[in-house]
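Next come two complexes built around subunit A: one with subunit B, the other with subunit C.
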Partner chain A sequence: MSSNTKPVLLYGGILLIGIFLPLALPAFQTQISVMWMMVTFALTWDILGGRMGYNSFGNIVFFGVGMYAAASVQHELYFDIGQFEVISDQFNLQLTPDKYLFGLGLGMIIGAVICVALAWVLGSGILRLRGHYFAICTLGLGVAVGELAGTIDYIGAGSGMAAPVFPSAMGSAGLFYSYFFFILVVASFFSLKWLYSTRFGLAINAIRDDEDKAEAMGVHTLRHKTVAWTISAFFLGITGGLFGNMTGFIEPLEVAFPTITFGIFMVAMALLGGKGTLWGPVLGAILFHIIKETTWTYFLGWQWIALGVIIIVNVVFFQQGIMGYLEDKYPHWFGVEVEESNAIDDQAKEATQ
Partner chain B sequence: MWDNILVLVHAPIFNVQLLIDGILVGSIFALAAYGMALVWGVMDIINIAQGEFVVLGGYVAVMMAQSGIHPFFAIFVAPVVLYGVGWAFYQTIIKRVVDKDLFTSLLATFGISILVQQLMNQIFGADIRRAPHGFGTWGFFDNLVTIEQVKLLAALAALALGGVMVLFLKKSRLGQAIRATAQNARAARIMGIDTDKVYAATYGLNAAICGAAGAMVAMIWVVEPYIGLVYTIRAFMIAIIAGLGNLSGVVLAGLGLGVAENFAGFIMGAEYQIAFVFSLLVVILVGRSILLGRKREYLK
Partner chain C sequence: MTNIIEVEGVSKSYGGVVANHKVSMEVPVGRITGLIGPNGSGKTTLFNSVVGYQPIDEGSIKFKGQEISKMNVQQIARLGLLRTFQQTRIYGNMNGVQNMLISVSHRNAAFLDMFKPYPAEMKDKAEHLLEFVGLYQKRKLSAGDLSFGQQKLLEFAMALMNDPEVLLLDEPTAGINPTLINGLLDRLHRANTEFGITLFVIEHNMRVVMNLADNIYCLAHGELLAHGTPDEIQNDQRVIDAYLGAH
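Coming up: the complex of A and B.
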């Protein structure tokens, strides 16, 4: 197999999976959508966590903000929110397909723009912090935004708000969303693949390796860090808008800003697959989601304890992740040629001369 | 919100009430923060599971109250139980991350935090629990200012416990070993100190301190499995404001946070309390980094 056909086969295979998996398993379409969403989570977390060395626990903020923004835009377009509040029980959220699609598209775009702006504003403050200060600050940010969202009446405060109902004329909602999420995965994967190959990718890698040296070499570190976070926020905002519509009901602490579920899953998945690698987050997310969903049913309430154990075991014993492990073990798979012992031989020669 | 500020301006006596409550409550925050600073200074680990140890201590008090023992004694029992818990977590998990980078230990303690949270949820249930204590309330100025006896008792106990900890670290052999390890672990090892034992004792002691704080929390307020993170964040905030190894700073920052939270709770309303704590964390961290940035330094 030549090196040119390999990626074609790989991408073709994944494309086929993306197209036919939801068709083959119609009962699991929602699960498949969530799986693709997890992949986007892990990919976007890895921009900061893996590539830039900034471990964020608060990326979930953009997910929730995007979700609320999209749903609010959809409501504002076609419904009177005041009316919606009063008779929320009988209120009909049915729309025609073109209205629904237009609202969803516009909502996601506006949500993504808001997220980018928010990431820029927050980032220029929070990204000045380093290491664990950044990590804990983002943790605080995630919880704070979730709590604050629960006090805003416009978006339904603590009791949440409903997203428009998927129009039945458009066929299966599960199929629609699983394809939509798959497109999002493909878009974010290739954007990031391209991004990491540019000068920008090298700059954020330099920030991870030694931020002071990077700054001394002329990298405008704060600007690079902020841009990296806005990219992450952009994809998370769109993901949030989609997920809000798929779930149909948006609630601040459990759905929109779930720090201890999705927020920590992002980190766990990227670590499981191997942070700082391109395929690691994809692999980690798919594996994590499959393990989680297949074993969840048998634990009966103990699944969250199992989750804690998985995170601890992963961090303590298997920190390099799957891809990191493979890269260590089989470097030639990744095009890395290791010439063992030559360096030592040369040194030995020099010593004897 | 504006009305509440006006109330404070026109009836200054309410300020006294908020101040007293804040100071009494702040001493409990200071206690948990002291433990966090201890672990941070000695082991270079930021313990996210701090709040979960506090809540676990609270459940000890709840269990004791349920079986007919006065929950006040939990202030002595919870530390013993929690020392064991902390020691066990050290031997199984923390031991393996203590010399790794900070992110590893941070995430490992985050894992412990989730684990303990969910275990408590399974064992004690998700309901809000309290430890009924039967202490009364003193009223002053026609009951405009009231002091709950249990809060005063808790503050005094916190003070005593802090004093005992300081004496222990200064005078006892183990305390001296802990301080030596904090200064330079390598040198301490060379001088014959078993740093592994020191770390285990430090982590256990931290859990024990949290346990005592938790027993007070269960008597004054309530405990529930998922409330831990707030206490972690409070402890972290106090520790970074005070700096590590600065006891009077920890006490002052703790009391300050207690007072600030009480005033914020009164002015903005109780539903903003948790949001206030977490927003304050973000503001303090960003503010500090901007101040340090002027001096071309950064938080380390």
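Coming up: the complex of A and C.
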């Protein structure tokens, strides 16, 4: 097989899966949507965690902020919030398809912009911390923002808020969202693939390998770190906006800012697949999601233990993850060619003769 | 002869330990200046102060007449004043060419430049410089897999890639196979003459520093002990005493 047909087959195959999987398994459309969402989680976590060496446990903040921002925009556009509160029991957030789509689109865009701005502001401060200090600070941030959201009446405080109802005229919500999430995976994957091929990619790798050295060489380290986080935040903001609408009900701790589920899953998935690799987060997320859903269905009561076992086996025996292992073992699969020669040793020999 | 670096009355203490006390020295442009002294005499401390790695307690440090003692590491590096580390630092998980490309100067980097690819001439330059230090055949290996001596050479090549005006080298020959030292000496000379880079070198190997430098400063106990040509320094009784422990 020539080297040109391989990617075509790979991408073509994935495209076919993206199109036909939700059609073939209509009962699993929500699960498929969540699976693609997990891929976006892992891909965006890997920007900092894998490529830049900054382990963030607070990326979930952008997911939740994007979710609330999108839903708030949708509400502001078409509903009177006062009326909503008075007759909330009977109130039905029905919209025509064009209004629904416009509200969703505008909401996601505004959500993404807010997340980018937030990541810039937070990052300019927090990204000055390194190592454990950065990790623990982001963990605190994730938990704190969740609690904070529970106190804001405008977004329904602790009792949450509803997203507009998916218009029945638009057909199956499951199909709509599984395609939408798939498009998001494709968009984030290719954006990151391109990004890692630019100077930016090398700069964040350099920060991962030795930040002091990068500083000593004059790299704008804080600038690169902040931009990396804003890119993460951009895709997570959109993801949040979509997920809030798919779920229909937004609640601060379990849906919008679930640090101990989605927040930890994004780390575990990237590690499982192989952090710092292009396909690792994709593979890790899909595997993790399938294992998680299988254990939830067939081994209910043991599901957390099963996930714990995966994480332990992963970090004890398999630290580089699946793709990391393969890259080590079969570097030529990944286009890494090494010309072995002993030029230095030859010179040394000459010098001693 | 103009001086590209002017250090004047610089003091630096760590708690009660005085690492540098009112040190003054000048690095003339286009030359090779050596800095010697027994272990713990404050050489690396002075380097750290010059490149902005730590704030100084008092004194002034000027680069091309501009006061830099209040600037941070990255700003100073972007001015064209670069250092290598005593404990060699390279990007271990990246290959040789990548190590070189990321070392391109960020002096005039605009914000959006980070999203550009590397042009072919930069890759050529990277490979050319790897060839210059004798690492061309190893360019696709992870830098972390190179031997210590090779990593030193890579770090030197990375510094050249940055097109600095002044290069501060902290013990460039430490840990290098003695048979390779002559090759490295030759390359240091060529970096000075062919690329026009002013060198300021900390070195313990007396044979190396006497061959390399035009003028040498000697520190002892954080203070400037002597300054002169290699011949003068070699015959200075105070320097000999300092190295033999008479101080």
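Worth a mention:
Here, the second predicted complex is superposed on the first by the 337 of 353 C-alpha atoms of A that agree within 3 Å, B and C clash if a C-alpha of one lies under 4 Å from a C-alpha of the other, contacts with A are read in each partner's own complex, and residues count from 1 in each chain.
Please note the rule applied: contacts are C-beta pairs under 8 Å (C-beta built on N, C-alpha and C of every residue); 3 or more make two chains touch, one makes a residue touch a chain.
What you are looking at is a predicted structure, and each value in this text was computed from that prediction instead of being measured.
Residue contacts after overlaying the shared chain place A:R128 against subunit B, while subunit C stays out of touching range. Residue contacts after overlaying the shared chain place A:I260 against subunit B, while subunit C stays out of touching range.
Within the superposed three-chain model, A:I312 lies in touch with subunit B and out of touch with subunit C [touch as defined at top].
Using the contact criterion defined above for the overlaid structures, shared-chain residue A:V8 touches neither subunit B nor subunit C, since it reaches no partner.
When the shared chain is aligned, no partner comes close enough to touch A:A27: not subunit B, not subunit C. Look at A:E147: by the touch rule set out above, it reaches subunit B but stays clear of subunit C.
Listing the residues of subunit B that touch subunit A in their complex gives 46, 93, 96-97, 100, 102-104, 106-108, 110-119, 121-122, 229, 233, 236, 240, 271-272, 274-275, 278-279, 281-282, 285-286, 289-290, 293, 298-300. Those residues of subunit C whose C-beta lies close enough to touch subunit A in the complex are 51, 53, 73-74, 77-78, 82-83, 85, 89-94, 98, 101-103, 105-107, 109, 111, 113-118, 134-138, 140-141, 147, 149-150, 153, 158, 162, 177, 179-180, 182-183.
Per the touch definition, subunit A reaches subunit B in the complex via residues 55, 57, 125-126, 128-133, 135-137, 139-141, 143-144, 147-148, 150-151, 158, 260, 264, 267, 271, 301-302, 304-305, 307-309, 311-312, 315-317, 319. Put simply, subunit A touches subunit C in their complex at residues 195, 197-200, 202-203, 205-206, 208-210, 212-221, 223-224, 227, 276, 336-344, 347-348, 351-352.
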